[in-house]
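Each of the next two complexes has chain A plus one other chain: chain B in the first, chain C in the second.
== the complex of A and B ==
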């Protein structure tokens, strides 16, 4: 493991340790907005950084099963779709075991596969992933704003609508960043897929 | 820069490429004839020459609209692929994936219409699809899924093309030639196909993204009606998607003119600063011009309506004027080889030019309030699609058929078929435009007796077009499927 990988691994472990501290957990789960826009993305980021700790031998063994990063992307997408369900968010707040499952699976089954797969993805796979991510932000943002009922029983309607606005903004910012990079930036483009 | 060699080596198709390319073109010409027959049935029904029950009429109208727009997108994608692959690496799997997803999407659309009775038209305006009286919400959902599949296929193709362009040119700005807008020595070999292709990728990807958002929200609304959508926002996004999709067909199709015209005139047709300016301006304009579809919506913010009018007037000219002027200058004193591809290219420029005029008129707010719900609008879009975009694609098809025997096609039957297509097309679109002048409402299954004369004239024009198009379809299909000529290195490679 080189110095950069060590730093990334250390950063991932420190961030994860901070995220599971009770006061931090309480703050991040106090609102739907914080949970969706801060808690989950930070846990994903921890897993992503943790990819640096995976030994090269393991990476090589996994690579044969992860052509173009598609398998990792699929695993991350399926796991993410579970934690996008309002019922799952409710359960994580109500039941410590479900919350523990979330703290394990979000970094290890979303962040880590993405961290391992991203360098293996070609332009098209990354493009599909990012386009779908932006579209999902816009769809959920719109949905949370128009829903007349609370989708999570633990959170209030105004919180849900605030999250909707936040997702629309997040989608917009991500879109503008990618558009600017494509237009004027220097975008790496691999030959494969 | 486009080559002056009639059948250059870098346009050779391998066996796999030829198979997929032929799938696109043969499917497209067959679908065009089928969709035109549906159109003829509708015009005959409106003119009281054929009895179509209203519910069947609206199903046929939905199929005709979705089918024509989709097929136009399919065939012009093939045009873009054919030329762009010379300059950047395009993967055949992406081209094939687009075709397969198009077919799956088309099956969903056909099933929703002819099995599920969906009749909410290709524009699927909210809340009509989820509240149809003669179709179930499920059939509307299948229709939406069909659109999603077609959009995903096209996005895959665009992403692959974007990867190729960025690999060669670094980013979209350099591919569009923005570095030469204000000065500097323009690289004369900078390909017009790359400029046009980049513009299409930028604009239509945005449209597809808007479509991907609004279509999924429709699906949610269909299965959970308490999720009430904002009708105005939904309409804006729908037209952003639909407008960009159909406009992209022109800009993909015109690549054929840029690439082929100099070969038939024998004169170079290189990139210029006005050309780059016009495509840069059009990239922006085509993205923001869509509010001209919503000028009748009183709730639309005034600034958007005004933007729609101003950009409508401005957007239609840059690329078109530069293309028309450049093409005519290229033809002037050139000793043009008048064969089918060159005739079709000139027809396409005429159809594009003349088809724009009704759009500019309708894009004026005060006119739009009177004309937009009349047959003036189908007159406009049939004009530029039938006599503008389709001839661009036909020009490439005829050119490729010619490549099989290393000589541009120009048989006696071709020379009869083209005037038939032109005359039929003009009668057909003029009948629509005249009906618009007479305030004949559009999208109506049943017409008043006073409206029948224009309907009947339109039906006669449509019949002539179908006659010519059927001949083109057989001629092109047979020409494409024929084994490569001996000694044709272009195909021996496959």
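== the complex of A and C ==
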């Protein structure tokens, strides 16, 4: 493990240790907005950084099953679709076991596979992933903003609408960033295949 | 080779993912907690505990066993509520008139349960009913006698009340149907008076 990998692993573990502190959990679960825009992305980031801790032997063994990063991307997408359900946001507050399941699966089944797969993804796979990520932000954001009914029993309607706005902003920022990279930057994957 | 194995891994992930997603959504039938509550109650009716002591607006003590033998249309309210509970209050007054015959025959009971028993004293419960012109025949307002009774009733009925930041609550208002055997069998939309009346009439027979 080189110095950069060590630093990333350490950062992942420290961030995770902070995220599981009871007061932090309480704060991050207090609103739909915090759950979707802070808790889940931070847990994903922990898993992504943790990819640096995976030994090279394991990494190359996995790579044989992960051509172009497709399997990893699929695993992350499927897991994310479960945690984005309005039911799941309620359940994480109501049931500590559901929250524990989220603390384990979001880093290990979303962040880690993405961290391992991203360097293996070609231009097209990355493009599909990012376009779908932006579209999901817009779709969910729009749904949460216009829905006149509360989709979660544990949260208030204004929280839901705030999350809607937050998701639209996140999708918009991501879109502008990608557009800027496409126009002025280098988007081809440097170390693919 | 790597492509074939990736395909295999992807198919396995998709199969496992579809299973997990199906489990998490009751086979794609419930994406929200409210839908899940309704589905679960409809498929697996719950026995309402008879241990939860209630106190009515006229100061009587009772529990759910006193209501056995009747169809009960129940709702959860707090009397300070400016929104849903006012709607439900006038709806229950309406139901009391619409269902006056089965009520007089002792086949139907309307029941409003306060989830804010500290504030909703019997006097306030009576005020709440009078606001909507209750005749007092078939509509009873009660509060749980203690917080244990309140918690167990809210759990069984699947009622969630969240502080709204202005001293009140936001809650998943609904009309809850308890059958003569004391089992919670259905959750109906809070604004569907006609549906609630028809549901009960349909089960009483001619």
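Operating definition for what follows: the second predicted complex is superposed on the first by the 188 of 193 C-alpha atoms of A that agree within 3 Å, B and C clash if a C-alpha of one lies under 4 Å from a C-alpha of the other, contacts with A are read in each partner's own complex, and residues count from 1 in each chain.
Here is the rule we use: a residue touches a chain if its C-beta (ideal position, glycine included) is under 8 Å from a C-beta of that chain, and two chains touch if they have at least 3 such contacts.
Worth saying up front: this structure is predicted, and the values here are computed from it rather than measured.
After superposition onto chain A, the partners chain B and chain C occupy separate space and fit alongside each other. In the superposition on chain A, contact of A:183 is made with chain B only, not with chain C. In the superposed model, A:2 makes contact with neither chain B nor chain C.
Our angle of interest has its tip at the CA centre of chain A and reaches the CA centres of chain B and chain C; in the overlay it is 100°, to the nearest 10. Shared-chain residue A:135: touches chain B; no touch with chain C. Contact with neither chain B nor chain C is seen for A:60 once the two complexes are overlaid on the shared chain.
Of the two partner chains, chain C is the only one that A:156 touches; chain B does not reach it.
The gap separating chain B from chain C at its narrowest, counted between C-alpha atoms of the superposed chains, is 12 angstrom. Residues of chain A that touch chain C in their complex: 63-68, 70-71, 74-75, 78-79, 81-82, 85-88, 90-91, 150-157. Interface residues of chain B facing chain A in the complex, by the touch rule stated above, are 89, 91, 94, 155-156, 159-160, 162-163, 166-167, 170-173, 202, 205, 209, 212-213, 216-217, 220, 226-230. For chain C in complex with chain A, the residues that touch the partner chain are 1-3, 5-6, 8-10, 13-14, 16-17, 20-21, 24-25, 30-37, 160, 162, 164-165, 170, 172. Chain contact summary for the complex, chain A toward chain B: residues 122-124, 127-128, 131-132, 134-135, 138-139, 142-143, 146-149, 175, 181-187, 189-191, 193.
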